[in-house]
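By written order: A, B, C and D. Residues from 1 in each chain.
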Amino acid sequence: MSGNTFGKLFTVTTFGESHGLALGCIVDGCPPGLSLSEEDLQHDLDRRKPGQSRYTTQRREADQVKILSGVFEGKTTGTPIGLLIENTDQRSKDYSTIKDQYRPAHADYPYMQKYGVRDYRGGGRSSARETAMRVAAGAIAKKYLKETLGIEVKGYLSQLGPIKIETVDWEEIHNNPFFCPDASKVAEMEAYMQALNKEGNSVGAKIAVTATGMPPGLGEPIFDRLDADLAHALMSINAVKGVEIGAGFECVEQKGTEHRDEITPQGFLSNHAGGVLGGISTGQDLIASLALKPTSSLHLPGRSVNVRGEPVEVVTKGRHDPCVGIRATPIAEAMMALVIMDHLLRHRGQNGGLQHDIPVIPAAAPGASTQA
Amino acid sequence: MSGNTFGKLFTVTTFGESHGLALGCIVDGCPPGLSLSEEDLQHDLDRRKPGQSRYTTQRREADQVKILSGVFEGKTTGTPIGLLIENTDQRSKDYSTIKDQYRPAHADYPYMQKYGVRDYRGGGRSSARETAMRVAAGAIAKKYLKETLGIEVKGYLSQLGPIKIETVDWEEIHNNPFFCPDASKVAEMEAYMQALNKEGNSVGAKIAVTATGMPPGLGEPIFDRLDADLAHALMSINAVKGVEIGAGFECVEQKGTEHRDEITPQGFLSNHAGGVLGGISTGQDLIASLALKPTSSLHLPGRSVNVRGEPVEVVTKGRHDPCVGIRATPIAEAMMALVIMDHLLRHRGQNGGLQHDIPVIPAAAPGASTQA
Amino acid sequence: MSGNTFGKLFTVTTFGESHGLALGCIVDGCPPGLSLSEEDLQHDLDRRKPGQSRYTTQRREADQVKILSGVFEGKTTGTPIGLLIENTDQRSKDYSTIKDQYRPAHADYPYMQKYGVRDYRGGGRSSARETAMRVAAGAIAKKYLKETLGIEVKGYLSQLGPIKIETVDWEEIHNNPFFCPDASKVAEMEAYMQALNKEGNSVGAKIAVTATGMPPGLGEPIFDRLDADLAHALMSINAVKGVEIGAGFECVEQKGTEHRDEITPQGFLSNHAGGVLGGISTGQDLIASLALKPTSSLHLPGRSVNVRGEPVEVVTKGRHDPCVGIRATPIAEAMMALVIMDHLLRHRGQNGGLQHDIPVIPAAAPGASTQA
Amino acid sequence: MSGNTFGKLFTVTTFGESHGLALGCIVDGCPPGLSLSEEDLQHDLDRRKPGQSRYTTQRREADQVKILSGVFEGKTTGTPIGLLIENTDQRSKDYSTIKDQYRPAHADYPYMQKYGVRDYRGGGRSSARETAMRVAAGAIAKKYLKETLGIEVKGYLSQLGPIKIETVDWEEIHNNPFFCPDASKVAEMEAYMQALNKEGNSVGAKIAVTATGMPPGLGEPIFDRLDADLAHALMSINAVKGVEIGAGFECVEQKGTEHRDEITPQGFLSNHAGGVLGGISTGQDLIASLALKPTSSLHLPGRSVNVRGEPVEVVTKGRHDPCVGIRATPIAEAMMALVIMDHLLRHRGQNGGLQHDIPVIPAAAPGASTQA
């Protein structure tokens, strides 16, 4: 029940500040017998880490993860997996300006009101650097889901500021620094980001995440619905302000005959539900979307107050992502994987002993769209 | 950790099926000394209950709540509050048709895949009737928050199908059957609903919920952010497909200079954040928005399969809301109140002993908008 | 995580005061497909209920349980099971004496210090009447464990005040009002209780509980050890002051060569461990023992203070058990069953997908004792 | 809810194997503003660590703890505190013998049955080495309780095999390697341990733990009683087989007039309750006792089987404590401190806003015993 723990059976508890000695987490409840090495985690960590392109912060964070426990002779043992990333790029700098100021749209002020104290170095605990541990933990869930059930979780950037993608080519995502699945939009995004950098401003973004190969039956009917837990997971990512499942806000204007996903023996005919009905997976692709606000750290001055309530002008120096959404895809994937993993174990706990002999409806009838 | 429990310190656990003997819930963790009677709960239950207008289902559900424990001589004692609503309108009808069919966009199929069995009478546990208990529990939280801290939680319908409201007049909400705060739209909504009923179709809706009088400092920094818990809470309501905090999906196209809420000694100059930064309340109004899908129970036939995987044509008879969003406002208020209440207790637990002597920033500078 | 909830996957949340309208509980996480009727619960409720003999309180409590949800067509559906017992014997009596007094060894004073208020009628929430719901919930767990895995949970009175049993005859337990497994001690117990009643005093007791047919592998290695959760469960029963697993306090004087349960291919040679090593079941019988203090409600006057801190002489009138231990056996069984059930589901959640191909050691070699 | 987490608001999650790279834990929910340094934790770690005398294992474990997060400029920030102890004495040795054997009275067999795999080096996760992290976490709780409320938690060895202490002199505890509070017994204990070492055998022990300065009102009435949580906490320590609160098993033979702690305006007249009534603290000293079994690692051969079910003779070589109870006192103190701390925060959460104006009964009347 601690606020730094996610999950109920497959749990992830993180610690660490942006400029502290290290980040770490404990993954508890992992099934035994899963092959696991540091390389398995490093892949997604490298996808998230900064400095991969000119469009993200130029901070150097090696983000080398160490597995401290829970793996023996290359396999998980069922005991807690301790993970650690030492902080290597803690530039000693002068924080005297920021120390007393509340940066607009940052967590400085609410932290002070909550705790009466805050670690102001690089945002402390509120830094998105914490998400590195989520990515590492999520990589364990991803591996288990893929190897055991064939479930794959993958995401992409669906909108960068005003630029919306038009097609999804899963192969294209790895070819550009934006996780953009539409090759025709990449040049436009590059130009947009260069102009934005020159302006000293930032912009929002939209990410889509999908799980394919889902079995039906995962989730819970009431509070811990699969979609509610997904909303929790995705909204807990820094800068996220909105979450949609399936058709999302489009359903407001849909009529019932349009929204309902009809079914034939060959499969579902559409997927406006985004793979969840009544809080439980249908076996269709699980589909979520999230909105990330523009980075709050800007070179352009903004009005604020200091800890004494006096007016100040805040200018954030340093190396910041002009669009935090660009690096958010692996984080969103990790959070979705954690939710599915947790619900898989929960489902197995309650229903494990039963053999349901119920015909399965294919995820999509031939020719049907799997998109929301 | 049960899937039918919400909250960590102020917890609500519900039970009951649509056509079972009763619905009930246990509210645990309520502070002692709060004046509480059944009338206090009945007010919101009556706002939610069906049959209040021609635009909602004509089922008669008295929804009379009984307090079975936890209140003594008119005050809460700190022990669990047991609540019960007996089901009085269980029409004995023939369920033989629905029994073997999976209604499109309903939870029938995933329930069968999860449990191998389901109570098919009126949707069983997946019926929105369960939300009556949330409303009752939420009324306790609302009362405590208002009496103790002056926090008020209130919502309205912001969009009905294609019809969007243009102004928010809090007094108007009580004057029409839609919880619509814009008197100029009510006639249009009435006409729309009549046409929809004639067509035998349904439509989606959008709801906004707000808490005023919020203190700064409520929430948690990482997984149990105030906004993440809100997303969990609101997405757990039947038919909800999207949740926004503050600017929500609009932030995708916003630039940093536009989105960041600047601060002056007189208060915040805007509220795109929706009252939360870094997962913790700022003291601004807490603002959330949710999308509800169109009702899935339609008189218009839809394609589906039965439990043996054979094709069937489904027609849902009976009395159903053509727009579930119309009755959702009190439910959304209840869920927001539960989240705030839980975080208030959690905050007090961890930080209760401290006296933070930190100047408070007013929620809104004179002339500033409190809307997202 | 509410204090009135027990368990992590198979959870029981109770409510209700001794003299309120009703007692109730919600059992969440029950596997679907279990045959369940009210009669299945009533059997253990009747074993616990007062007025069964002249040696327990003469209060009449019918303790008729109703299943309000979660069971459909005679089988559990996997959704929460709501249980209710209406209070029928709420004698309207004058509580003005007790209202302002702190009865010695009762919870009156700490309740007031915790909550500032208490329901003083019949002990309110602190009454052992609450355990009726544990017995009802435990009966569900017992039934599942027996039908699914052949696990049986049963207990007996091993000591009544100074009278210790010498043999355990499981058949004898049902033949006397003490749950005493040693027929040769029953007359002595009867005489002792009659003298005690005449004296107006009360006495302590010791209970043993055992689970047979245990599979190896249930439990957790660190905090949620099977034995630690058992200790939690048993110590949470009213009046319990001590819990032992296996050899218990006898192990203090044991040497390692004596205590360690040696193993042969034919099975374990002894069971000092009580069926748990390192927090995980060994497949031997699970054995626990608990001490219950003498009833605090006495006809003999005792010194105390009232709510204003003034000295008073307290005499408890009314109908009370002179030895609460006598009725505690079904409660202890219920709590052990809940713990095993919870760990079964937890184990299945984490390890369900694995097939361990590891030879099983028989619980007891031929001729070996299964007793601690 | 992970099995490696303890507590609900003040939570401790541990990881690490005996011979892995490191042990660690995350302490979440710590109130902000507490002065904290590594020295504060090291004191209790040094009291627990092996090699302090000839009567404990001669393994060298520096047990140097590092604080990785949650403390800034010498004070806790309210964010999770990451703690790490690197393993420095991992002797590379040949584990081929132990690898396939189930050592009697060890967790080897149940681990294999649970997980299908185990880290057999030095007991892996089942090693008592894990308790180092509990001691470190407990030191934080101890410091907060003492500085904020004046609560002190301290323990002692009350029995070593057959040798029982007769007096408690709190100053004496620091003067001998046994945590023995009775100077007159130390020589006898030394002689006993030397004979035991020569014999190659081990023996059990009994520990007492007490909290003084307790406020009334901490705890919960039903499942999460203060004493039930204590039983959970203490039984979760390696080798513990029994837990008593207050009079413990002595209450079985007590009469009600003897057991009940009478009250006068000058205070409680005795403390058989051990400071808890109805699950809630009375303000008297909190008193618990625990039994630890003899070490299972013996030089004397024992019968067992290997992983293939074949008979083997097991001889444990290496450096082991002949009496694990000797080093258990700081661990028991830590667990009690964690329980009190958690309940303090929980109490504050639910009741924080109330000012109870109720006269406090002194913990002990002049001349009354505070012992159970």
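The working rule: a residue touches a chain if its C-beta (ideal position, glycine included) is under 8 Å from a C-beta of that chain, and two chains touch if they have at least 3 such contacts.
Every value quoted in this text rests on a predicted model; they were computed, and no experiment measured them.
Engineer: Work out which chains are contact partners of both chain C and chain D.
Structural biologist: Where chain C and chain D share a partner, that partner set is A, B.
Engineer: Quick check on the contact network: minimum steps from chain B to chain D?
Structural biologist: The fewest steps needed to get from chain B to chain D is 1.
Engineer: Count the touching C-beta pairs: is A-D or A-C ahead?
Structural biologist: Output for the comparison: A-D.
Engineer: Please work out the Cα centroid separation of chain A and chain D, and write it as a whole number of Å.
Structural biologist: The answer is 39 Å.
Engineer: Counting in whole Å, what is the centre-to-centre distance of chain A and chain B, each centre being its mean C-alpha position?
Structural biologist: That pair's centroid distance is 25 Å.
Engineer: Between chain A and chain C, tell me the centre distance in angstrom, where each centre is the average of that chain's C-alpha atoms.
Structural biologist: The separation of the two C-alpha centroids amounts to 45 Å.
Engineer: For chain B, give me the residues that contact two or more of the other chains.
Structural biologist: Residues 1, 3-5, 8-9, 14, 29, 32-33, 78-79, 114-116, 125, 221, 346, 351, 354.
Engineer: Along chain A, where are the residues that touch chain D in the complex?
Structural biologist: Residue list for chain A touching chain D: 1-5, 7-9, 11, 13-17, 20-24, 26, 28-29, 32-33, 66, 68-70, 72, 75, 77-82, 84, 114-119, 124-125.
Engineer: Once bound in the complex, which stretches of chain B touch chain A?
Structural biologist: Touching chain A from chain B are residues 1, 3-6, 8, 14, 102, 104-107, 109-116, 125-126, 130, 159, 161-162, 196, 201-206, 215-225, 227-236, 238, 241-265, 269, 272-274, 276-283, 291-296, 298, 300, 302-305, 307-311, 325, 346-347, 351, 354, 356-361.
Engineer: Can you tell me which positions in chain D touch chain B when the two form their complex?
Structural biologist: 1, 8-9, 29-33, 78-79, 148, 221, 345-346, 348-354
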